[in-house]
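The following pair of complexes shares a single chain, chain A, combined with chain B in the former and chain C in the latter.
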Partner chain A sequence: MSPKQFLEDELRNIREALDDALRFDYGASGSAGFYVECLLRHQAIEDGLKAASDANALYNSSTEISYLAKLVHKIERSHEAEFSWQFYHHIRELTESLFKESAHRHDPKKVPIIHVFAEGGLGEYKIHVEEDGEHTAVQTQILTVVFPRTLKRHVLLHAIFGHEIGHAIRLRAQFAKQLKEGVTDRIRSSGALASESKLDAWIAKHYQRAEPAAAQTLEYWADEIGCDIFGALCFGPSFCLALESLLNAVDPTQLEPGREHPPGAARIAIMARLWKACGWDEPKLYAHKAFPKAAKAMAAGIRPSAQHDKWSRELVNDVQLNDAIASIRTMLSRTTIGLFPQPKSEDLQSMVERLLRWVPPSGARDVLTKPSQRNSTFDFRSILLAGWYAWRCRDELDWSTQHRPTFLDLSQLCEVGMLHQHAIRIVTA
Partner chain B sequence: MQITDRSQVVYQVIADEALEAFSSRKLVAKHRSALLGLYRLLDRFRYDSFTVSNPPGVLERVGRRDQENRELRRFELKDVRSALDQAYSTVYGDKPREKTIDRLQEITGRMAEKGGLTSGMTKDARLVKVFLKEFRNHLAR
Partner chain C sequence: MSALGHEELVAALEKRDLVVTPILSAKQIGPSTIDLRMGTVALMVRARGIESVDPGSYPARTDKRIDAFHSDELIDLHQSTRERRQRFDRLDVPFHRKFLLHPGSLALVPTLEWVAIPPNLQGVVTARSTWAREGLSIATATIVNPGYRGAVTLELANLGHVPIKLYPGLRIAQLALYRIGESVAEKFRGSQFDSDIEPKAGVLAKDEELQFLPREKVAESRKKRAR
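Entry: the complex of A and B
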């Protein structure tokens, strides 16, 4: 069999796998878009393969065929229907809105296809971005949202996707430029991330070991810190609390500096400073006349040790942090739904009160006892905040039953709250 | 998914196919991917943003010292950028970049979306072809 015959055969196999996989209706919004895009790519690769007359052209076809096979394999094992599809819907809506609004007016393909699938392991939260320059046969770019297989219903933790959206929106050159100039370059303008030698000195000082940082570590760390800031401004306090919880779980020491990520303790300390910089430490935001202690506990947010706070300041000082916040805020405030909408304290109060009764935080009005009441609409990030509020302040709140909800219980109540909100939006539209 | 730097090959194919599409209306549908790839490349050119990246997940390898990761995380499209700069300067000289790219994207977007151009675009489309040829030549050097 010649290489060309083999590749032709493999293309036929992919076509079969594609038709076979798509017999099932994968995805909350169906898989038609994904299927059509894969078919178009298949056609383009087939045309290219037919015309291929030398080893280089065959190599290109082979690479494209292999990549298409991987994509089809991904949809086969997406497990999408098992996830909190309501949360996925919001991630999709948020991301699509950011892409649509940033698109140039002539852009014929404004919004990428967003596809979700599961991967094993706690640390698998990710949005894979299909950048141009990697493949020839792309019409609509595909974003793959990866959830950890075991955390299907933990919507409170899913707030961490804010960080991944920060990476994903760089797919738009306009955002990439704004984030580089306003955030990454700013973070690298002084302090430990200003040069490799400064970072080496920082690591040597705190770890008593000489471990030269890889050349790219500066860029990676600045990017990761930038995306943490982006996630917090996009998802609000829930992002900071989810990041703290997950970093604690993945690396309980929080101390190890990675090649790609700064030590968890420093990331958490930066979030603690951002919490204050955004004014989320104001108890009045969470005020509840029946539970004054809870409002104070929530406002306290994250409390890093003095040492970790110092670390974080050596990496990013207050001026750099405030500049990065201002830059991302400006960028997100130009979009309709990008920036975290701070809920009114009375709305937050009503959502928390419902949770105390083990009721989803934002449901339809009570038509039997309060017929004149109107349905309330809340942004899904407010619902996450209510869930985190109830979890963080569970000891200061007065629950309707002796048995208190677990983290998963609260996550699921919030998930149902989002579902109710979706229904309300459909009815009131 | 891992990334590899195939940008030279990718953009050579895109430029060749886009040129074919601009030369024959029959080939526009066949080379729609290339026209869209060109459109997106022009966006990179507009914002001078030539990084291709595959960032780690928010918690990926966090806390692991045994994390010598050989995976390519990012690369710069340096040759592509240089080829675009040279092609632009040859064809458009000192013309303001933003306005010119706007027109280039308008033409490329229209070709990709509608399969053809308006009569007012024909003259500029000829320049697009010259620009593409120059870009392709500089890319191959």
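Entry: the complex of A and C
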């Protein structure tokens, strides 16, 4: 069999697999968009393969065929019931609002297809974006959102997607320049991330070992810190608390520096400083006459050790951090729903009160008997904040029952709250 | 036992003794009932997964450790877990997506509403008559216990001859509430379905009912439950 014949056969196999994948339901918005996109790509690859007359052209076809086969397999991994669809609904809205430009070659207003599936592993939160020009058969860009399978119901942790969105939007032309100049370059303008030699010295000082940093490490670390800042400004305090929880679980020492990631302790300490810089340490944001101690506990946020705080300042000083915050804030405030909307303290209180009674937090009123009584529409990030508030301040709060909710209980109550909020939005639209 | 009327239902909701949320329309609270909407999940019995519904075959899951690596025990564990997991297909039915209920089929569906019943009330779930007239039977298990909190599981069956299209958010059931003479919730807390977010299969025969099963079935069932 010639290589061309083999590839033609494989294209037929892919078509068969694509049709076979319709045995599953996948995607909260149905399978049509993803199926049609794969079908169009299949057709484009088929045309390319027909015309291929040399080894280079066949090589390109082979790469495209292999990628399409992987996409089709993603359908099978994506059949329903593997994630929190309510959270997915919001992540989809958020990413669509940030990615709505140039997702389609012939129609710049068309939004990308957002596909979702689960992977095993604690740190498997990811958003993969097809880069422009990465594959020639692309008709509409596909964003793949990956949840960790075992954490599918832990919506409070899903705030970490803010970081992944930060990575993903670097591939959008309208954000890339701002993020590079206003954030990454700023973080690398001084301190330990200013040069390889300075990072070498920083590692040698704190780890008593000589481990020369690669040029890429500087870039990766600055990117990671930039994406943490992005995530925090997009998801609010919930992001910082989710990041702290996940980093502690993945590396309980918090100290190990990676080639691509700065040590967890430094990242957490940067978030603690951002918390203050954003004014989230103000107890009045969380104040309630029924639980005064809780507001203080929530405002205290993250408390890194003095040593870790010092580390974080050596990587990014206050001026750099504030500049990066200002730059991302400006960028997000120009988008429809990008910037974290700080909930009114009375709205936050009402949601926390509901959680104390084991009632899902939402903007629903108890009854609607008078014309003045209306359900409110709360942003899903406010619901996450209420959930984290109840979890972080559980010892200071007055629960209605002896049995206090676990982290999973609170996550699930928040997930149901998001479902209720979705229904309220449908009715009030 | 007396049923709560409209004013009493509103008062109980306002006082937060009773929770039914979200109330999306004032019309949802009727003269003596509160309408309940279809939720966004459906569990369908998976006929190929099991040979029959057998009260002795569905042990409650325990997280007890397996002390010895007896292959028989491990194979039994695999078998019972597999049977339990394969009893239902779980379908997500997002808003605006239809769910087709065929004649003769049964689906477990949660209500959209989260409900918390106070210790001195008992809930009774019934079909709304408009749907019942189309053949939709709801809530074959009608009682919601005092102290219950969570979504209410509706057992939907199509008793008609044509398939019924259902959509999450439709008001298909109604909840009536009755006063009971004593507050009993705490004494009976910890029911297998308390704080349900979505439907799940129950344990058909409790330990105290096993003596009514054939002897060999009892031995087999006790062995599984002991794990």
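Here are some notes:
Going forward, the second predicted complex is superposed on the first by the 411 of 429 C-alpha atoms of A that agree within 3 Å, B and C clash if a C-alpha of one lies under 4 Å from a C-alpha of the other, contacts with A are read in each partner's own complex, and residues count from 1 in each chain.
In this text, contacts are C-beta pairs under 8 Å (C-beta built on N, C-alpha and C of every residue); 3 or more make two chains touch, one makes a residue touch a chain.
The shown structure was predicted, so the numbers you read here are calculated from the model rather than taken from an experiment.
Bringing the complexes onto one copy of chain A puts chain B beside chain C with no clash. Comparing chain B with chain C, the partner in contact with more residues of chain A is B. Using C-alpha centres, the superposed arrangement gives chain A a vertex angle toward chain B and chain C of 130 degrees, stated as a multiple of 10. By the document's definition of touching, neither partner reaches A:Asp347: not chain B, not chain C. Looking at the shared chain after the overlay, A:Arg357 reaches chain C, while chain B stays out of its contact range. When the two structures are aligned on the shared chain, A:His128 is found in touch with chain B, with no touch to chain C.
Applying the stated contact rule after C-alpha superposition, one finds that A:Asp379 touches neither chain B nor chain C. By the touch criterion defined above, A:His422 lies against chain C but remains apart from chain B after alignment on the C-alpha atoms of chain A. Look at A:Gln412: by the touch rule set out above, it reaches chain C but stays clear of chain B. Superposition on chain A places chain B within reach of chain C only down to 27 Å, the least C-alpha distance between them. No residue of chain A touches both chain B in one complex and chain C in the other. Residues of chain A touching chain C in their complex: 25, 28-30, 80-81, 85, 89, 357-360, 362, 364-369, 375, 409, 412, 415-416, 419-420, 422-424, 426-427.
Note for the complex: chain C touches chain A at residues 10, 13-14, 16, 19, 21-26, 28-29, 37, 39-40, 90-92, 94-95, 97, 112, 114, 116, 149, 151, 169, 195, 197.
Here chain B touches chain A in the complex through residues 1, 3-4, 6-7, 9-11, 13-14, 17, 30, 32-34, 36-37, 39-41, 43-44, 46-49, 51-65, 67-69, 73-74, 77, 80, 102, 105-106, 108-110, 112-113, going by the rule given at the top. If you check the complex, the residues on chain A that touch chain B are 40-41, 44, 47-48, 56, 59-60, 63, 67, 70, 104, 106-109, 122-126, 128-129, 131-139, 144, 146, 160, 163-164, 167, 170, 172-174, 176-177, 180, 216, 219-220, 223-224, 227, 231, 243, 246-247, 250-251, 253-254, 256, 258-261, 264.
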